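What follows is chain A paired twice: with chain B in the first complex and chain C in the second.
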Partner chain A sequence: MNLMTERNLEKAVNDKMNAQPNAIKMQGKEVTVHYGDKQALFGVSLDVPEKMVTALIGPSGCGKSTFLRSLNRMNDTIEGCKIGGKITLDDEDIYNPKIDVVELRARVGMVFQKPNPFPKSIFENVAYGPRIHGLAKNRQQLDEIVEKSLRRASLFDEVKDRLHEAGTGLSGGQQQRLCIARAIAVSPEVILMDEPCSALDPIATAKVEELIDELRQNYTIVIVTHSMQQAARVSQRTAMFHLGNLVEVGDTEMMFTNPTEKRTQDYITGRFG
Partner chain B sequence: MTDIALNPAAVSAKPTRRDIGLKRRYAAERRFKLYGITAIAIGIFFLCALLYSVLSNGYTAFWQTEVNLSINLDPKIIDPDNKRATDPNVLLTANYPVLARNALAEKLGVSSSDRAGLRELSKLFSEGVRGQLRELVVKNPSLIGTTQNVWVLTGADIDSAFKGQIDLGVDQSRRKVSDKQVEWMNKLKSEGVMAQRFNTGLFTYGASSRPETSGLGVALIGSLYMMLIVLFLSLPIGVAASIYLEEYAKKSRLTDIIEVNINNLAAVPSIVFGLLGLAVFINFFHMPRSASLVGGLVLTLMTLPTIIIATRAALRAVPPSIRAAALGIGASKTQMVFHHVLPLAAPGILTGTIIGLAHALGETAPLLLIGMVAFVANSPVTPLDPATALPVQIYMWANEAERAFVERTSGAIIVLLLFLAVMNITAIILRRRFERRW
Partner chain C sequence: MSTSLVFLIVVAIGVVGYFLGRQRALSKDSGSVKLHSLPHYHGWWVFLASALPAILFLAVWAAATSLYLERTAISELPARTADTVIASQSLELGMVSGIARGLNKLSSEEKANLPQTFAELRPLLSAKGVALAQDGQDYMIPIAVEWNKNSVRANTIGGVIALALAVAGAIFGLSGVHVRARARNNVERIILGALLAASTIAILTTVGIILSMLFQTMTFFQSVSPAGFFFGTVWDPRFAAAGAEGSQGQFGLIPLLGGTIYIAFVAMLFAVPVGLFSAIYMAEYASPRVRSVVKPLLEVLAGIPTIVYGFFALVTVGPFLRDLSAALSGGYAFIQAQSVLTAGIVMGVMLIPFVSSLSDDIITAVPGSLRDGSLGLGSTRSETIRRVVLPAALPGIVGALLLTASRAIGETMIVVLAAGVAANININPFDAMTTITVKIVNQLTGDLEFNSPQTLVAFALGLTLFFITLAMNIFALYIVRKYREQYE
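Presenting the complex of A and B:
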């Protein structure tokens, strides 16, 4: 190890970075974001590989949530927000005026920091998406979608007897899994998660993390997290942001054991952030 | 133990506590509480004084003195020339009060030749008997020739005397009922044929110069029409405007100006809206005067700012996380608004609307300007017919001098306050029931 030259190390990192078995699902090229006069992202280029969990880490205010939210154009709802550069989904520019934002969000679902179920029944929470997108032809199909989504979010067994009770009556962890089920129900290709466990206790966090790991088989997941351990546990790739710039991106294992950038190392070891 | 107690050093060793003004602070708190309690007590006192004065004056208006007469519907008096089969006007113009007078004279033993006695007797019952008997006969002409038991309204002065509102101790020349009439009144009362009965006329009669036959009927219909117009115009317009301003409109100078103007409109004196209604609806669009349609339109203009402000506040109170959740699974903006935001804001919107309606129901000034302060005797059929409104009716009765109108004024205030209370309680119940906490 000590004998390893710096060049060798660099090569090893590059090898790992290049060895992407999965196709690129989403791609950001020189993405810039302005909130009014304030610039939040300074030209971020990041690839999101298919059927993998990509974790975005970095100190508060570093632009990771901003980048995440520009992946399904949730930033559009913020007044004064301007986006530059290019973001593609399956090589299609999602900021192209021809792209329908509603359709985009049906393909790129989102789970938020705080569980935010609709103040409706558990069933209605999950059924809402399929219903507005016309994914179920009849009540039976809708029932199936709801059950499947709840099962995938490993929530079905806990709520199967009270599907018609209020979703807001569940515990925090259950609510977050309900939100994940709600996102899954519209069969998205990508799921964006904005610190999904920050409002949950460790046990609920463990369940959600387990769930994320399972979902990886079917969905491309991008997760923003403040917890290094969480990034290490659930993600395959990690991107480190700092002050609106992408500092480093690579395989998670590599990032945590052998970061090339000093800032990454400092952040991971808790020297700043 | 004793050592310590006797040791002066130990005593002085106890640290002297800093004066941090605790006493002063608690005194200030007590003082403030006292101010608050005083303020509330003053408020409650005036509320009680108001309610007491209205209720004590007005409760008698809900009972009206009536006398039960066996009236012989004599064909010789109703139709002396026996032409009723050919001329329908005969039944309409017949001298019905004479029938009632004769029935009463028979009962009280007044001779038909005693002209002065009969004249005084006629004042015992109301002129309203004309319309009452006419309606009876016109509806069923076969009753002519029979004897019917009818409850007839007494005159307003007899009613006041019967309710003890006229001081019978003063000389009869200085009061409105004569000793003779009082004597008859007491006789009828002891026989049980003169009694107070529930005053349905208060809710059905229109305007009249005779207190006993004047009622809130026209005003109630007018107010009802206006409330319906206000509800069906201002709710959709107000909610649509609020949704657009709150959810769709991009923040710009224009929306800022609109916002300031809406807030200002809510504070514009209502009489100005009356002038606007007069100028626009009546003088420009030539809508009929005194019509509840115009009143409703004016009150709609007045209520709109209130509803818009309440609706926008209710929309703003819906947490952004719900909007984000809906957009995040691909709901369009309109779906987000109508499926999630609006249902959650509905209790707030309803509360605002009901309070706006209650405000409109009690509004008088703009209605005076568009001519709803008219003497309207017949019930309006459509909103285009002349009508009055509850508060305007109160205003008109308050200008009358007779004792019987005083009690009617208070009675009408009670009715209006009841409506307002019911509406406000409904608003509170709706808010309690549908309010959600996140």
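Presenting the complex of A and C:
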């Protein structure tokens, strides 16, 4: 399997050896999604283990982004979207009418495909979530949260002298790390990433990937990616989607070296998709 | 040979040229070398080369001809003395051209023994359906005859030249048809020229309007000092009897400007919250179905002529407010039927669709990814709107509001009917005030000549208004443009 570098393989093996059986953080059971008359997901059941990176792969239009967006109910904002089945967060049904969607999204944060910093200063971008949720009692605490989040997103050193300049003035990669810092600032339990590197150059991509690897110490991460190499580099578990179905899910190492399904093998070796 | 006939012939030559050109291009297409332009481009090029110069020439010639005819006629008119019957030379000229037009309707026999006096000519022409003024003079008849002769001569010369131009153009166009001729590019250049000409006309018209107001305003400032106009606090333009001295009147702009701004302010106070909130509802909350019904309905408001709003203010809102205030105070109506409040509210209703439609566009233009980002952090919709969408859209909204305000300041019909005519300076919104536009209408209504400050002041007012709204529009466009650079 030439897709995995030796270093990654070694790391994956180490992970495997050190791995405790992680608890299930989020769970989808027979999830179906309709956009109007069109069905996008056909009964997907997928577990998301805690403090691991789960990668969702598959060709365009296979439903992986749809599944990701239903994990924090971002699909609610799309007109005519209907969701069936059951999705739980810590064994709690997130589509239960009693659930507060706003609170759910604070627990399950999201980073989008294109960096979307608000047209505000860098500081205000990161402080946005804590302000809304009242996480800081005073200015000092807010400063601390912002600094900690920026540090976790490995952005602090690059921007510490210009915290009050516009966030939109940063480079693409910095903007995306700013968006990650913004998501971290509300202390979510799960972070969803929808192709976070697709608008970035290779160097910026490498930085974000490095960051994702660090973040899994503290957060459960689900990432949608088009890049096989990226899935292999950053994730511990991989789920392969095709035409709205979950084809296969398993440890990343196993998926890339010895997939059980032929479709997975064809996809990761570039024969279709 | 009449000009319209020449025009038709020129076009006909052009059409023939089109087909010949296309035919010629087709015949040149040997197959070995590809034609540079499609045959119909060659056709169009021949058409334009023949018809366009000829038509342009006809237009210029027609203008020059009428100028020439007038000059000749003026030189033939008897010198004006104190006892010339007709009041002005332009009136005399008008009569001569009227007679000349009438003479064209006579048969050649009648023309041969033309009556020598106007008294005889008038019934003859009115039998042909040409009505002439009563006080025409005998000496005008030979001048009119001469006018017609000159006219025919000029038209013939012009027509011949135009036709020659058309034929020459067609030959020039046809001779240029060959395989690699760039007819397509030539046609493109002419289209560009036509578009450019259209926009030039729009700009020149604006310049013309400003100049015409400027000259009248300068005449006005010869009799009233600019300081007295711009800083005067009393508006009292006495309509003096012609020739009466010493009753100049006072032309203070301040009370009018105050009323204009006050009424516009009340209108904005009413229109901005309603318009903005409905824009937010439509851009952020309304389902596509609701939006597709509500938005056109709201925009219908923009299509109502403002005079209709004026009626509404005059017969409904004004009396209602007056009766309401009477009921509230127990008898004394402290709100007058014509008041700042009445005009402001009705104008506000008129402005709602402008505010909401412009703001709606601007709010919708804020990228959806920003909304997603905010919602994804766990904020509610209204938090997202308040903290992300509106701040991002703010410059655009300010621009939209400025555009709306300049409309409010220039609005005429509503205030004419609803604001009153008393030029007061006060801060009580229940009293009548008046605006610049109302006074322009007042000063120009009636049978007046543009030679006294009482009427000329209207131009000074108009120019002032023009510059106020122009400044606001430029500022608004500047802000809107600056905002656009952010996202596109």
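Annotations
Going forward, the second predicted complex is superposed on the first by the 253 of 273 C-alpha atoms of A that agree within 3 Å, B and C clash if a C-alpha of one lies under 4 Å from a C-alpha of the other, contacts with A are read in each partner's own complex, and residues count from 1 in each chain.
Operating definition for what follows: a residue touches a chain if its C-beta (ideal position, glycine included) is under 8 Å from a C-beta of that chain, and two chains touch if they have at least 3 such contacts.
In this text the structure is predicted, and so the values were computed from the model without any measurement.
Partners chain B and chain C, once the complexes are superposed on chain A, run into each other and clash. In the overlay built on the shared chain, the residue A:F118 is in contact with chain B and with chain C. In the superposed model, A:R182 makes contact with both chain B and chain C. In the overlay built on the shared chain, the residue A:Y128 is in contact with chain B and with chain C. In the superposition on chain A, no contact is made by A:R237 with either chain B or chain C.
Taking chain A as the common frame, chain B overlaps chain C at a single listed stretch, which among 38-46, 74-82, 128-136 or 182-190 is 38-46. Comparing the two interfaces of chain A, the one with chain B and the one with chain C have residues 72, 74, 77, 79, 102-106, 109-110, 112, 114, 116-119, 128-129, 132-133, 168, 179, 182-183, 186 in common.
Listing the residues of chain A that touch chain C in their complex gives 72, 74, 77, 79, 102-107, 109-110, 112, 114, 116-120, 128-129, 132-133, 168, 179, 182-183, 186.
Interface residues of chain B facing chain A in the complex, by the touch rule stated above, are 250-251, 319, 321-332, 335, 339-340, 344, 436, 438.
Those residues of chain C whose C-beta lies close enough to touch chain A in the complex are 287-288, 367, 369-380, 383, 387-388, 391-392, 486.
Note for the complex: chain A touches chain B at residues 72, 74, 77, 79, 102-106, 109-112, 114, 116-119, 128-129, 132-133, 168, 179, 182-183, 185-186.
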